[in-house]
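Common to both upcoming complexes is subunit A, partnered first by subunit B, then by subunit C.
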Partner chain A sequence: MSAAVAATARPALLAYRALTLRRRLILLAMFGLLLASFVVDLMLGPARYDAGQVLRTLMNPSEAPAALRVVIWDIRLPVALMAVVTGAALAIAGAQMQTILNNPLASPFTLGISAAASFGAALALVFGVALVPFAIDYIVPINAFIMAMGAAMLIHVLSQQRGVTTETVILLGIALVFTFNALLSLLQFFASEQALGAVVFWTMGSLTKANWHKLGITTAVLLFTLPFFLRRAWALTTLRLGDDKAASFGIDVRRLRLEIMLLVSLLAAVPVSFVGTIGFIGLVGPHIARMVIGEDQRFFLPASALAGAAILSASSVVSKSLIPGLIFPISIVTALIGVPFFFSLIMTSRKRSW
Partner chain B sequence: MTARQSQVAGIDVGGTFTDLVIFDSTSRSVRLAKTPTTLDNQAGGVLNALVAAEVEIAALDLIVHGTTTTTNAVLERQLCRTGLITTAGFRDILELGRRTRPQAYGMKGEFRPIIPRDLRTEVPERMDAAGAVVTPLDEAALAAAIRALIAKDCEALVIHFLHSYANPAHELRAAEIARVTDRLAKVQGLKRPLVMMERAGGYSDDCCMSFGNENFGKMVDIAGGKNFASDLIPGTFGTVNPEAVVAANPEVVIITGGNWGAYVPGGAWVGLGPGSDLAEARRKLANLAKRPAFGQTKAVKEGRVHAIWHQFYNSPYQFVAIQEIATWLHPELFKDLDAEATLKTLHERFLPLPYQPGYWVTVERK
Partner chain C sequence: MVQLSLSGVGVAYGKRRVLSGVDAEDLRGGEVVALIGANAAGKSSLFRRIAGLAAGDGTVTLGGTSRVAGRATPHCCYLPQDTAVNAVLTVYESILLALKQGGAWSVSDEELRRIDGVLRDLEIEDLAFRGLGELSGGQRQLVSIAQTLVREPDVLLLDEPTSALDLHRQFEVLSLVRRLARERGMLVLISIHDLNQALRFADRVMVLAHARLVAMGDPRAIVTPALLNEVYGVRARVETLAGGEPYVLVEGSSRQAA
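The block that comes next holds the complex of A and B.
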């Protein structure tokens, strides 16, 4: 009996092992891509230092010339790391939104979280309204964060109502996008020329706002949320089979949704409030991950993070290389570079991508 | 003589004679004098006339002086090489003239304009007859026009705009800008310092918004600097990579600032403007200069970091900003140029508000 089981199970086991190995290799390859992009981001810049100079400055900052040290440690490194961390955070947020809402359109951008953040930032930039009276130096990010969390909570509360399906939640999110965009336009209508410029640039996103402080907070939020997602990886994978099946496996679906939604809000709101609206990553990062690695959360989660981080890191390189010396708003680059790539992936993928 | 005596002298220097009339208000009497005009130095004839009238010069309350010499010079075409800058579209008005011409009828006749056509240039600007601005003065075109005239060896400059009797603002502005561009154009091999202009520094966390070859970028160019971002930013504004600023190592950093407390309360911006707190502005400017993009630059090391009122960008008083920037960029060349005095005069002559300082600030030199 046991021998028979072993005999039939062996090929399946081998196939599973092969699959796992293949996925690990894919993850490794994605990590390699990210690393390459990150290194290029550190090496390239209008100051044109050679690789040796950059490396020596990284190893021995105290011995490097002051200008070189400032460029590497205060300008390039925070921006390059911020691109990686923000890309990962936004892609994970998008991935888990798509998972818990069971909808390929879900992302911080399409659910109105980014739009809410923009509105919060604009409140500060146009009227100087501080939603929290203290920490006046961080008025813009704090406003953005509060509005983003508020929007996420609103979506969550509404989704808890009776008879509300995940499709309804998506529609609610889209309604929120339009609402906040209208409010944003209203603010812009009243804004002075100076404030208008600031709002427009804020909504285009920019990694040049990065500094070690903001990088630290964003990284902390990412590291804080990751264990929760990893612990719930199996449950989340099950959720993709449908709510009923997941419930029959003994998963408290409502509780899981609440927990993930809270974490995702935090993960989406923090980077957006620091670097401005970056729309494309949260939607497309997870889709790319899903196409190359599948739904299994143990791989899907890190793959999403790597895909998001790699796209944003590459965008960072492009945004400063198009015209050396100038920096293009990052979300323009992300969309223009990422969309053709995404298209080609959708059109060439013979499998159903959702 | 009594202390209450009051005397007024009127002088007319003509081509042949210098006439003098003295009016004594106490005795209500008039004295006359007539002396030959001294052509090499007209002051001689004037002094001779005063002596001839036996007047005590120290007792004069007022001397009113008029002369036909300029008119004569114009009529006799005895001018130095003079250039003319006028409103776009009116370059040939000297030839067109009115209906009074040497030969009113017929196809023939010669008219020689006082300033030849190649020394007459136009700049875009226009006032209407009521004195309202139809087309704002194009300062960059003006600077280019002045440079071109100096290149043609002009020794004198006439700025003559349409309807300036109704509103002389454009003419006066042009004259104030000419004070900068005129002198710059005469310097052989002018060394233009590299200037990093930061737009509204500290308004947001980004570094660094800057200007292309427009707006403040153009003002830097007119004031004799090289605007760093002119080669980078295709439009008016853009975000410059802070690293590029470190690499370029600008000699001068200028940050625009205004009181943005209503938008970004407690922000890092430099709150300049009429009546601003300059000590506070200097402190905030010093903080902005510490950011990675600027900290290592020559400008910061040499204390050549300045802030200027942001609103000069859309103000008709840009010529004041140009003058002040010129003194920052070429302190030796413009030692005698006082932009603050210009702004003060502007207030006294044209504005209903009293002048208040606070439009610009420079970091303290270490």
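The block that comes next holds the complex of A and C.
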């Protein structure tokens, strides 16, 4: 008897319970992978430590040698945690954009939010233009954040117009990407050599800019938005059955879209403004989650977060280990190791993944 | 027993009026009412209005309370016309979704047993763990019907639920719907293009044409060659089968080429 026949021979109730259990185990395995990558990330750097040293320093900082404590707690931990939090935030933002726009191409990158952030950052780096006059230390991230939120709001307002389909929204996003890239090129054209270098480095994305303060803000945004998504898990899953059906199930589709789009804008804009453009995670994290766990948001949401966090954490590891003493910009690594991995998943997956 | 009444009900999208002045006072639980009419006669719009998904003039009263546009309620359940879905969800999960709106995060055995029951009623247990994207049009339609039945509504609005089903399935689904209407005291409004199925399964028919309700009542009394000519522009005979059910035989178009 084949597995499929066996599955249908018992009550579907039990099969569903088994499916749920399997998904919990998958989430657990993903969490294990993330944890492993996180520890390796802490081990690597100009000085290499073994896992025992790292774990002991994490557990009992007061008993660790001072040099080790400073390197792990003050230098590596904020960066390693930033990889995890940023990866999770971007992947969740991508997952919810794909859900509410019903489009597999939606992500903070493809909707122009990252490009807008880059332009905002470049304004600060090239001309020293602060969109908010105070907080001069944070002029680059604040500019990036304002532009990113502006782009997200523009996308949202346009998407609410009569007759605008979700496909149109993606087209608008791509138009925004081109517009902001052109504006960015224009800034680069006028930039001094030094500013040009800074802009190029910023747009490549880098976790090395992370510190406890930025990590705190990004984590706070993630923790603030998460309960909203989780509370709406059933409704968000239903949205994928089509607007008509979701409405017939009693969901206020317009309000749900508005609520989620606002939260997603915040979730995408904050990490991008701190670490620069990291394009790949928001698109691919959710696709990987969808392939391994399906689209029940109770599982899809944590799986997207774990996939995004694990990819970025693993990319951080690779970025440090390619050439000793050199840290590659993270978005180069995410794309170069992520794309082949993603391709292989798509090509070998026998199930439909969108 | 649930009671639904429509008084001067109309629907307009922007300036385009698709339906006006529909009156039907005494739609009661336990009966099956077929909605018939040509394409774009306003059948779906009327359903959406009753379901609370479209705004318009007049009043829709369900169980003594007026329906507010923009708000669907669990006891009045609308099945929209079939559309393809690309969600990575199994059939079982999609039926669960119909039950879980506003509900707790966890899923109870009671809820799962209800889904199992509906799968059995519709004889689609073998589809339970197939992906929605792998289904044929007919299978998709059966799953959509399962999504509405699992909610055990008082009023069920089915918009062309059998358009993609084979003859056997059409018969099974319509029989099931009529049986559930009788057993649960559920009011079923069903739009259907196959007039013979409508005549066979419906207790009453509502005929929509030119954005209005043009006739309503016992199918045997209402469905006449003259009505078919007016509504559909066809020459047709209405025969009576041995069981007493009327049967429509279309002979040709009555609209002359200009």
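Just so we're on the same page, the second predicted complex is superposed on the first by the 338 of 354 C-alpha atoms of A that agree within 3 Å, B and C clash if a C-alpha of one lies under 4 Å from a C-alpha of the other, contacts with A are read in each partner's own complex, and residues count from 1 in each chain.
Note that a residue touches a chain if its C-beta (ideal position, glycine included) is under 8 Å from a C-beta of that chain, and two chains touch if they have at least 3 such contacts.
The model shown is predicted, which means the values in this text are computed figures rather than measured ones.
*Asks:* For the overlay on subunit A, clash or fit between subunit B and subunit C?
*Replies:* Aligned on subunit A, subunit B and subunit C fit with no clash.
*Asks:* Have a look at where A:Phe31 lands relative to subunit B and subunit C in the superposition and call it first, second, both or neither.
*Replies:* neither
*Asks:* Taking the superposition as given, does A:Pro11 touch the first partner, subunit B, the second, subunit C, both, or neither?
*Replies:* second
*Asks:* Regarding the shared-chain residue A:Ala247, is it in contact with subunit B (first), subunit C (second), both, or neither?
*Replies:* After superposition on chain A, A:Ala247 lies in contact with subunit C alone.
*Asks:* To make sure I follow: the centres are taken over C-alpha atoms, the vertex is subunit A, the ends are subunit B and subunit C. What is that angle to the nearest 10 degrees?
*Replies:* 160
*Asks:* Contact-wise, after the overlay, does A:Arg298 reach subunit B, subunit C, both or neither (first, second, both, neither)?
*Replies:* Once the two structures are laid over each other on A, A:Arg298 reaches subunit C alone.
*Asks:* Would you sort A:Ala233 into first (subunit B), second (subunit C), both or neither based on which partner it touches?
*Replies:* In the superposed model, A:Ala233 contacts subunit C only, not subunit B.
*Asks:* Working from the superposed arrangement, determine the closest approach of subunit B to subunit C, counting only CA atoms, in whole Å.
*Replies:* 41
*Asks:* Output the subunit A positions appearing in both contact lists, the one against subunit B and the one against subunit C.
*Replies:* none
*Asks:* Can you list the subunit A residues touching subunit B in their complex?
*Replies:* Residue positions touching the partner: 45-48, 66-67, 70-71, 74-76, 124-128, 130, 136-137, 139-140, 192-195, 197-198, 201-202, 206, 208-209, 211, 320, 323-329.
*Asks:* Okay, in this complex, where on subunit B does subunit A touch?
*Replies:* So the residues of subunit B touching subunit A come out as 200, 203-207, 209, 229, 231-234, 237-244, 246-249, 258, 260-268, 292-293, 295-296, 310, 314.
*Asks:* Taking the complex as given, what residues does subunit A use to touch subunit C?
*Replies:* Of all residues in subunit A, those touching subunit C are 7-8, 11-13, 15-17, 19-20, 230, 233-235, 237-238, 240-242, 244-245, 247-252, 290-291, 294-296, 298, 351-354.
*Asks:* Residue numbers of subunit C touching subunit A in their complex, please.
*Replies:* 51, 53, 70-74, 77-80, 83, 85-90, 92-94, 96-98, 100-103, 105, 107, 109, 112-113, 115-116, 119, 125-126, 128-129, 131-134, 144, 147
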